[in-house]
Amino acid sequence: MENLLSLAADNLVSPIILSFVLGLTAALARSDLTIPEAIAKAMSIYLLFAIGFKGGVSVAAHGIDATLGLSLIAGVILSALLPLVAFGLLRVLTNLDHVNAGAVAAHYGSISIVTFVAGTSVLESQGLMYEGYMVAVAAAMEAPAILSALWLISRGGGARRMDSDLWREIALNGSIVLLVGSFAIGWITGEDGLAEISSFVVAPFKGVLCLFLLDMGIVAGRGLRAGRGLITMGLLGFGVLMPLIGAGAGLVAALLLGLSTGGAVLLMVLGASASYIAVPAAMRVAVPEANPSIYLTLSLGVTFPFNLALGLPIYVSVARAVTGG
Amino acid sequence: MQTHDAKRVEITIEAIVKSRLTDALVDQGVTGFTILPVLGGSGRSGEWSRSGQVSRASGMVQVICIIRPDRLDGLLSAILPVLDRHIGVVSVTDCQVLRAERF
Amino acid sequence: MQTHDAKRVEITIEAIVKSRLTDALVDQGVTGFTILPVLGGSGRSGEWSRSGQVSRASGMVQVICIIRPDRLDGLLSAILPVLDRHIGVVSVTDCQVLRAERF
Amino acid sequence: MQTHDAKRVEITIEAIVKSRLTDALVDQGVTGFTILPVLGGSGRSGEWSRSGQVSRASGMVQVICIIRPDRLDGLLSAILPVLDRHIGVVSVTDCQVLRAERF
Amino acid sequence: MENLLSLAADNLVSPIILSFVLGLTAALARSDLTIPEAIAKAMSIYLLFAIGFKGGVSVAAHGIDATLGLSLIAGVILSALLPLVAFGLLRVLTNLDHVNAGAVAAHYGSISIVTFVAGTSVLESQGLMYEGYMVAVAAAMEAPAILSALWLISRGGGARRMDSDLWREIALNGSIVLLVGSFAIGWITGEDGLAEISSFVVAPFKGVLCLFLLDMGIVAGRGLRAGRGLITMGLLGFGVLMPLIGAGAGLVAALLLGLSTGGAVLLMVLGASASYIAVPAAMRVAVPEANPSIYLTLSLGVTFPFNLALGLPIYVSVARAVTGG
Amino acid sequence: MENLLSLAADNLVSPIILSFVLGLTAALARSDLTIPEAIAKAMSIYLLFAIGFKGGVSVAAHGIDATLGLSLIAGVILSALLPLVAFGLLRVLTNLDHVNAGAVAAHYGSISIVTFVAGTSVLESQGLMYEGYMVAVAAAMEAPAILSALWLISRGGGARRMDSDLWREIALNGSIVLLVGSFAIGWITGEDGLAEISSFVVAPFKGVLCLFLLDMGIVAGRGLRAGRGLITMGLLGFGVLMPLIGAGAGLVAALLLGLSTGGAVLLMVLGASASYIAVPAAMRVAVPEANPSIYLTLSLGVTFPFNLALGLPIYVSVARAVTGG
């Protein structure tokens, strides 16, 4: 417990978290501080490329163990099932209609790669190892949640349009392609490849993450200001409870798979985090009736900061206690 | 200068369904259009701005389509299914063009 | 296709007073508008271009506002105080819109 | 509100000849114009998009020019030589402006 | 004197200055070399974040001494008084009306953070230490000049509109928020935080500064070409004289405060430099009648290159001679 | 031969090539992965600045030898003559009219700086030295090809418009100015300058190159999809044959000049590569009737990947064999 508190305190004074706080504060105070759209996209491309590449290199270095395939399958299952839990919870805690509830549920089954990245940072500062292929698990968890949420929504009436555009949106969206592609590049080129570009993908990584979180703070703050009226106590409760449930599910899966402590933390983070890039785009295409302010504010304004500030230290402490790592 | 009557259709629509819209245009035989970026806006679904956004979920574009007057109805019917499901605005203006054979 | 008369007001104005302008619009009950980025231009105060600028001092945006004809005068009076002090240009065009109930 | 008739000329043209076009405008005494960025488009020479391009070879801009009606013909003749060699589209719309003395 | 000349020569052949010269030359020769707006903004965000952060870390490392508070107050006073001097000088040397003179004066009371950054580079290459909190002094000097210039202008007739938008523009403009915010982050996270992100905020810093100065050279060159007719001999004289006066005032303040040699140089630089980001924006809101070509050309096309090329070595030499550092 | 194969294999598994492949694949699969235009421009500015600067520093370090001037002249001659060869070859292999053939020919006389950069990467990984002024030769080869192609086109009828805009476009286009300017900065500031900014221009260089090639892959892939119908077998043959001819001409020139093995490789690469930035822009101004899809698809979609994947190892092997390096 003491451990958890000191970890939480340590976590809160990292430049990464404080950058998010700065952005959030600036936006809530209505400062005109903004990051140009092209730069925000560039930083997200950089982070995806770097995290994918490093994951691939780590797999090349440590070899594939039997659990890789099983972990991917576990990720897919988690991603597909968590929306059902989220949907049920939303129907209990809030009065969202089934379309909006389904759209929100899709976000919580899927994952936030930035939360994942922040998790790896914490692990590194704690000296905890993790399986390199967790990046591939993250990629695998992006899409299944979308399909199961669309199924939930269509059950409630009104057939969803699953045309080829939507399939392409889901399967070939830029962030998945980049993450999987750079993972493959890292795997193929291995340690030699890393040596060539490590002063690009490793050295400045945390600094870029700071600026990216500054931007996320700004966007979240603007969203919270605009969505003030939308976020009821029920939604707020959901936004804090659901990540804990997702983390719990991730922990169970990790124990069944026999992952390392670090790997368990990351699977908890993946379960706990909610998408704010890929899923919102898919929902605009497939379920335009759903209100984007609800799912964006919830995912970016509530769950993301919760995971960043409190979730991460909790997941690390619990995983350590349970796995004895 | 010899000019000809035409219609200028300006469609402000979510960026994410841009290709759905242009596909509908092309299906209808409308192969000339120009796409402008949109910085932000406000409507019944609130105010939004492009800066800092990473997701393609928010963000709109403006599709401009200059056509011969007699093709207007076809165009509007072609794009209506896309517009019906997604937020957006259409305006049609009378205009004059040079070199009418291009439209 | 059933269309309705409307007015398309296009206001090119300094980016720095954008929120002052949109506040004036909203005060007047005009909550629908679209904002386009402007790359550069030229007028009585000379030529300018956006590239490389860091300061928000230069740079303009174009605010497009489609409204019912009877609301035009109100809109113009609302924005005039902002326009009077800052450089910028306004044009009003007759247009046709689908789904008039939205405007 | 007192408004005056004017013409709104919108020229979509290759970015690379932008300065050639604006030089032609200025030579003709037209010193007021606004330039909008263009994201992409489609025409007889196919579809194109701005993203990822490094070369200035592709890419278009939209030049908007509001002028007094009696100056339209002069303007069109001035820009025709540029338009003739390069791909692009021109439309002319009737509009109303405030403060006519500026145009 | 010899020392000054060799310092000036050294200064002139740094990649930073030469990058500015390259941009200037390209723009004057009407090359189409340009830096996209989004990239220029990103570089300025990076520079503000890095300089603020490093300042905060340095305060965390060396502790606050009594002069911090006094230095902030001195900065505020300098920023508020210099516009009065500038205004008087402009009325003598030029025939600007009081609105334009007031707008120009605001720029010279405020500061240019890039000149400040170039100053710290010179100090580092000379091995001179400086107080980390000088960054906070820089932030404190951004705004007071605006208020005193608006007071000058309103004295001349025509009440200025000090509405809430303008207050927010002045107090919460992005660059101040970012500078102060990253200073706070640096202070809180200290050396540990720096260790985490130094390969982002320290290592590539000078290189980014080069590209940023390339862009400033381009913008200044375009401004000079467009503003050819505007810059009279009187204005030119002002653009060179005023920084010397500002540096003198900064030196006096530094001696009174008992700053280190490096700190004295930086306070001179702050006094000497003219704003070209925050103040122009505030002037467009508050005094739209003032002609931006005048103040932008003067600040960016005359005073900025003067400080960069000649001012910096002069200030270093004088500060060394006076403080014996 | 064995050597060539292993070199080719090594080359293919570098992160640089694989990033291009990723971009190409994503675009061909119609993924929405894109790099914002401003970021692509920024990366190209960074690469030009870094490569020019490093070239200048290397000249400062090793001094100018007599061959520098001769190499520049050789480059100009190569650039001016290769379009004639290309034009002839196109008239034999394809049925392009003389306007389009001339426009394509201009691209092959000129050079691709990214191919050059990829060449220097291969040399470095092979431990081969090269003359630093090869960067200046690259700059000198950008423009002459344009003039000789315009002469070819005007011979076929229809006077070309060589007005001042076009001259400026050719002589002062941003990439030449930046390359030559940063070369000069590197030369003037030398090793000291490099020490100041090497963690910007050297350390992250290869990583940025990866992302830039990712973008080039995307653009090439989109071009190939759009230009499917245009690329006949004849054009394809030209796109592969012409770089070999250009490389051959480069090799002969290198032997006459007595360049090092690495220098010979780079002159081969310059001969072999086809412009895709400067020349397309000049052609749009001077020969708008020519179809840009043809020359862009050929240069970016055929010759660039050919050089990257197969050309480079071939040129290195041949140059080693011939020069005995």
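Just so it is clear, A, B, C, D, E and F label the chains in written order, and each chain counts residues from 1 on its own.
The rule is short, and it goes like this: a residue touches a chain if its C-beta (ideal position, glycine included) is under 8 Å from a C-beta of that chain, and two chains touch if they have at least 3 such contacts.
Just so we're on the same page, UniProt names per chain: B, C, D = Nitrogen regulatory protein P-II.
Since this is a predicted model, take the numbers as computed values, not measurements.
Under the touch definition stated at the top, subunit C and subunit D share these contacting partners: B. Work out the mean CA point of subunit C and of subunit E, and you get 35 Å between them. With centres defined as mean CA coordinates, subunit F is found 41 Å away from subunit E. If you average the Cα atoms of subunit B and of subunit C, the two centres end up 19 Å apart. Annotation for subunit B: residues touching 2 or more other chains are 36-37, 56, 93-94. Multi-chain contact residues of subunit E (touching two or more other chains) are listed as 32, 34-39, 41-42, 169, 199, 203-204. Under the stated contact rule, the graph of chain-to-chain touches falls outside the line, ring, star and complete shapes.
You'll find the chains touch as A-B, A-E, A-F, B-C, B-D, C-D, C-E, D-F, E-F.
Of all residues in subunit C, only 12, 36-44, 60, 62, 72-73, 76-77, 80, 83, 89-94 touch subunit D in the complex they form. Residue ranges on subunit E touching subunit A, taken from their complex, read 36-39, 41-42, 45-46, 49, 53, 168-169, 172-174, 177-178, 181-182, 184-185, 188-189, 193, 196-197, 199-201, 203-204. Residues of subunit C touching subunit B in their complex: 1, 3, 6, 8, 22, 26, 31-37, 61, 64, 66, 93-98, 102. Those residues of subunit F that touch subunit D in the complex are listed here as 34-37, 40-41, 44, 165, 169, 215, 218-219, 222, 226, 276-278, 280-281, 283-285, 288-289, 291-293, 296. Interface residues of subunit E facing subunit F in the complex, by the touch rule stated above, are 13-15, 18-19, 22, 25-26, 29-39, 42, 125, 199, 203-208, 210-211, 214.
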